[in-house]
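Worksheet for the structure shown next.
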Amino acid sequence: MRTRPTHTALATALALTIAATGCTTPGPAGVDDDTVTVGMLHSLSGTMAISEVTVRDAVQLAIDEINADGGVLGRQIEPVIEDGASDEATFAERAQKLLTSDNAATVFGTWTSASRKAVLPVFERNNGLLWYPVQYEGLEASDNIVYTGATTNQQIIPALDHLREQGHTSLYLVGSDYVFPRTANQIITAYAQAHDMDIVAEEYTPMGHTEYSTITNDIARHEPDAVFNTLNGDSNVSFFQQLRSAGVQADHTPVLSVSVAEEEIDGIGADNITGHLTAWNYYQSTETEPNSRFVQAFTDTYGPDRVTSDPMQSAYNSVHLWKAAVEEADSFDVDDVRAALDGITIDAPEGTISIDGPTQHLVKTSRVGQVNDDGLIDQIWSSPEPITPDPYLESYDWATDLHS
Amino acid sequence: MTHTHPTLTRWRGPITFITLLAAALLLLPLLLEPFRLNLLAQYLCYSIVALGIALAWGRGGMLTLGHGVYFGLGAYAMAMHLTLERAAHDPLNTTGLPQFMQVTGATELPLLWQPFTSATFAITTAVLAPAALATLLGWSVFRQRVKGAYFAILNQALAAAFVLLLIGQQHLTGGTNGLTDFPTFAGHDLYTPTAQTTLYTLTVLTLATLYLAFRHLTRSRYGKLLTAIRDAEDRVRYLGHDPTWPKTLAYALSATAAGIAGALFVPIMGIISPTLIGVIPSIMMVLAVAIGGRYSLAGAATGALLINAAQTTFAETFSGTWTYLQGALFVIVIALAPQGLAGLTTTLKNHLTPTPPETTTHPQPHKAHT
Amino acid sequence: MEALLTQLPTGLAIGSVLLLAALGLNFTFGQMGVINMAHGEFIMVGAYTAFVLHAWIGLDPATTLLLALPLAFAITGTLGWLLELGLIRHFYGRPLDTLLLTFGIGMILQQAARDLFGAPNVDVPTPTWLTGGITLFDTVRIHHSRLFILALALTAVAALAYYLHRSRPGRQMRAVIHNRDLAATTGINTRKIDATTFFIGSGLAGLAGVALTLIGPTGPTLGTNYIVDAFLVVVIGGLGQLRGTVIAAFALGLLNATVEAWADASLAKLIVFAAIIAFLQARPQGLFTVKTRSLT
Amino acid sequence: MSLLTITDLTVTFGDYTALDHINLTLTQGELRFLIGPNGAGKTTLIDTITGRTRPTHGHITYNNKPIHHLPEHRIARNGIGRTFQTSVVFEHLTVADNIDLATTHHLRPWQLLRAPRTLPDTVHHILDRVGLTPHTHHKAATLSHGQRQWLEIAMLLAARPQLLLLDEPVAGMNTDERTRTGQLLTEIATDHTIVVIEHDMDFLRRYARDITVLHEGRILTHGDLTTIQNHPEVQQVYLGHTPHQEHTP
């Protein structure tokens, strides 16, 4: 006969768990006379930690600056840092905690579309306010999110305009197999049809894929005018290394990437990507006075080896935009802050940006850059003026099929 | 144990069980705030998965490194229904299509999705789809006597392939974003405290029912046969038993438990996505069972509860250290306490109250299954 | 047909990477029935060996590559040897437990890499003489780095075959694979053989790691990218069979490349998985097996 | 009447021929001993009869039906049981459960799913017969070596086979245990057909009437002990290799 598992001992373990789960009492009120609690929700562990930790650093820098400057409405910002652990369920769970247990006045964070989609219902249900710092696939406008990165008409479409101006009429599309590249390529295809451009091929690879011989050989064979690259993360390293081995030269067939920023270049190897293009709204080399201060402050705080990138800068702006909106509303209440969002304008590292109230996206300038030998990106083109966000591409005739 | 205090021993198990169940059902909802109760319900979903893994691995010797797949099947079936319900009741949604499909340009509901408008169909699928897939895979590989490490690797490859499929079939599955935002079920708001308590209660009852069912199984002749197959599969054949169906059954039941857990997880958590069910989450499910005690159903369930609670508690404060700790836990538990917590508690008890040796023989670290 | 021809070098390229990654894995698996889940992390250690030589010691790319190969072999070999000595030795006959055990070790190694080198990918430059490629019949292009990896993989196979069939310890090793107990009774020190096997098997992971820096990202999760596929090669190739591993690696590589030519890479992986399940229906023990008479 | 007929049976492993054109007939109620030096093919023969090894050539009929293509469990269900050189019992099950398991192969899956309240009488009866009643509820892991061998035989009996194939049942046993095993064998032989592989000369002398000698995969000769011992080829095979073969296993 088997010994009965000792239920009593297991029950003790169970009780301990429950104690651990339940020990937290309802959190402190989010705002008191001296402090205001905000949430920081990034992946500090797991696969996305690489990217998201840099964004957290930027948010922290902005908070420190504001606190040193007297805080917001006379209150010091007290961040509660949570780890989304590169896992959507954890993101949702942590968001719930920030909003209900910590009563965070606002939350800065998330990176992937998946994590944003995961926390979105939590923010809508609890009427929270999330500041999302990354360029994304558009087709979204929640009252509970402020999108401080670019939407498609501020990154992809200007990049296509630029390629067209340069006389590139045949494009090869390569992307990781997930929402952003698929949506981006739908837009690119529609754009190409409307502008007499030729899509040579549209290839997708699984996330984290490292085997690009087939695709790079295919590119070498087809010799398109340009490659539009929406690959994500590690895959870029393999892609650019193998592209170089396939003999594809940047001056002959430039690759325009929308997910490669200063942070990633070191891992790819500057000599593998030199001369290729990127599309963002900000580069470390962007020449504005606020940017010199930002880069200076960032390297002073985190070390001279660190670089700044578009998502970091957007996250940094988020905190300053929130402060401006709170001061405009003279309240920390989410509804009051939301009402004050429209037209909030600051001088950011990327230039002057302002919030477009109806979409809660930013009006911002689009820039195409070229990777240089030092692993930084030089701006080679920028949109003549800041572009009004249009997440559903309603102002583009050729895009009518994309939004139903 | 029957030698000393037959009555006492006979009833100690049931009494503890009923006490725990009553405490879980009556006391905890009063003590815990809704957010915490919701967390607890999530962990208990993983306890249900753990029961299944303990049956397949602990009893049947089939190390399943791909249970995320079955959890995912259950979860996606449920999530598809909830997504459709939301689309149907959203006044701003004129097409009745899930939001992610509008993004990918669909104009009508794909065939695969149509039956999921029915809650009954969704729930049935959540239970039967994992069972069917596991039966198919199990039968085809067990019949060919693929076992041990080979089986474990195939499971892992299945998890990897399943995630690729979900991500690749973005127009059907929502891709990496998964499915999210489920405000109602059958017209009831899922986020009222009452709904949260109901979901929690349902989870506890499911866990209790499956525990009793699996416990009965392990004590039946079938359970003995399964243990025999685990320890010496070839020997069993010469007694006239075909090991294929007992193994397939255990594997399929184990998958079903995971599917049910997935279906419960979705309304509780409000999201399902590929990252929750891939290779690493699948291994973590096994880790929880190893820590709780693979040979003990109660131990495995407790292990899952503890590991997930610990994840929440520790991961946020020391994320790097937590990874080291998880790795170390694997090594320590497998190396020093292969019977997990349940084994430790038994050992502890035996030290306190000496019992005749033959009644305390727990499975030793058993021999090769290959 | 043209597509197939084009994909042939790609298939060989994928196959040689798989072969390198799976070679050591199969070696330890066949020898001792040990599934070493930390093998992927050993590959990662090999890759970081090259990084350290380049970035910390400051060697030029070519010297880095040539020096990193033997050094990585020695380092990961020693790691494997220590792992065998300290842990795995006590778990023979419990393959599933060693699988989980080594997974735990892998997690620890991965986090250690993250703490030591940081989470982002690092750059290990490719020597200039490996960056280009050769063009055959217009459309078929073979990268130098791929040729290098193919040559490295085949050299490793040849060296291993020579060692197993011509050297005394190698022959003892084969004897142990065929029948451990019998080998022990004929006076072979199986303990010592086990340790040597693990040293060589893990050392091969180091070689693979260095080679992979030529074509992919170098980061803490480098090993996990390859490990599932490498395991599949082992499953198909059969237990402890050098030729099985070679054939399986190139077969999988070619299959992947061919399917990729008409479907996308995601679908290719799925089809390959289905093909493996189907294959196991016909050959459940893999391509080649060693017949043994033991019961359990 | 013949129970088992082996015709022209050949088994090869690669280049190695384990069984070389074996012809053998067993009649109902026979107690046949199988001897031969290491590598003679004794265990391979049993393996082939029970489906563990597939014949390269030739066939095996049992009750006039061919069985060499059947899977192991089907052959077992037809009434052929076997033990192994190193005994394999289910250590984590009780002695009673080990035996019970052997009686249940004819049950349908759903019948197995019910938890039995009491042990069937047959189990008690068999336990009595092999003398393991005091250990009924002990884990098999706690048994001594000899007791394990008896448990294996008990499991065989529980499956109600017609033909029993025992691979070195007394190896490693002390004198008392051998005697008990011998008695048990003789007793079982009254209502079963039995094939025993055994090396132990003393044991053979006491219990063996019919002996078949295998050598290098072929049947060398057949007869009673005296005939065998005086057979020149047998002497050559045994004495030629080890003069004191009688006591080597």
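As written, the chains take the letters A, B, C and D, and residue 1 is the first residue of each chain.
The rule is short, and it goes like this: a contact is a pair of C-beta atoms (placed from the backbone, for glycine too) under 8 Å apart; a residue touches a chain by one contact, two chains touch by 3 or more.
For clarity, every value in this text was computed on a predicted model and none was experimentally measured.
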item	value
Shared interface partners, meaning chains that touch chain A and chain B	C
Middle chain, criterion being Cα centroid separation	B
Most extensive contact between chains (C-beta pair count)	A-B
Approximate Å spacing (C-alpha centroids) for the pair chain C, chain D	44
For chain A paired with chain C, centre-to-centre distance based on mean C-alpha positions, whole Å	36
Distance between chain centroids, defined by C-alpha means - chain B, chain C (Å)	33
For chain A paired with chain D, centre-to-centre distance based on mean C-alpha positions, whole Å	72
Two or more partner chains touched - positions in chain B	164, 167-168, 232, 234-235, 320, 323, 366
Residue numbers of chain D (touch at least two other chains)	84, 88, 137
Multi-chain contact sites of chain C, meaning residues that touch two or more partners	264, 266, 269, 295-296
List of chain A residues in touch with chain C within their complex	47, 49-50, 53, 177, 203-206, 208-211, 213-214, 217, 220-221, 234, 237-238, 241-242, 244-247, 263-264, 266-271
For the chain C and chain B complex, residues of the former touching the latter	29, 33, 35, 87, 90-91, 93-97, 99-101, 103-108, 110-111, 114-115, 228, 231-232, 234-235, 264, 266-267, 269-270, 273, 276-277, 280-281, 284, 295-296
List of chain B residues in touch with chain D within their complex	216-217, 219-222, 224-225, 227-228, 231-232, 234-243, 245-246, 249, 357-358, 361, 363-364, 366
Parts of chain B lying in touch with chain C, wherever the complex brings them together	57, 61, 63, 137, 140-141, 144-146, 148-150, 152-154, 156-158, 160-161, 164-165, 167-168, 232, 234-235, 279, 283, 286-287, 290, 320, 323-324, 326-331, 334-335, 338, 365-370
In the complex, chain A residues that touch chain B	1-11, 13-14, 16-18, 20-22, 24, 26, 44-45, 49, 81-83, 85-90, 92-94, 96-97, 100-101, 112-114, 117-118, 120-122, 124-125, 137, 139, 177-179, 182-183, 186, 204, 206-207, 401-404
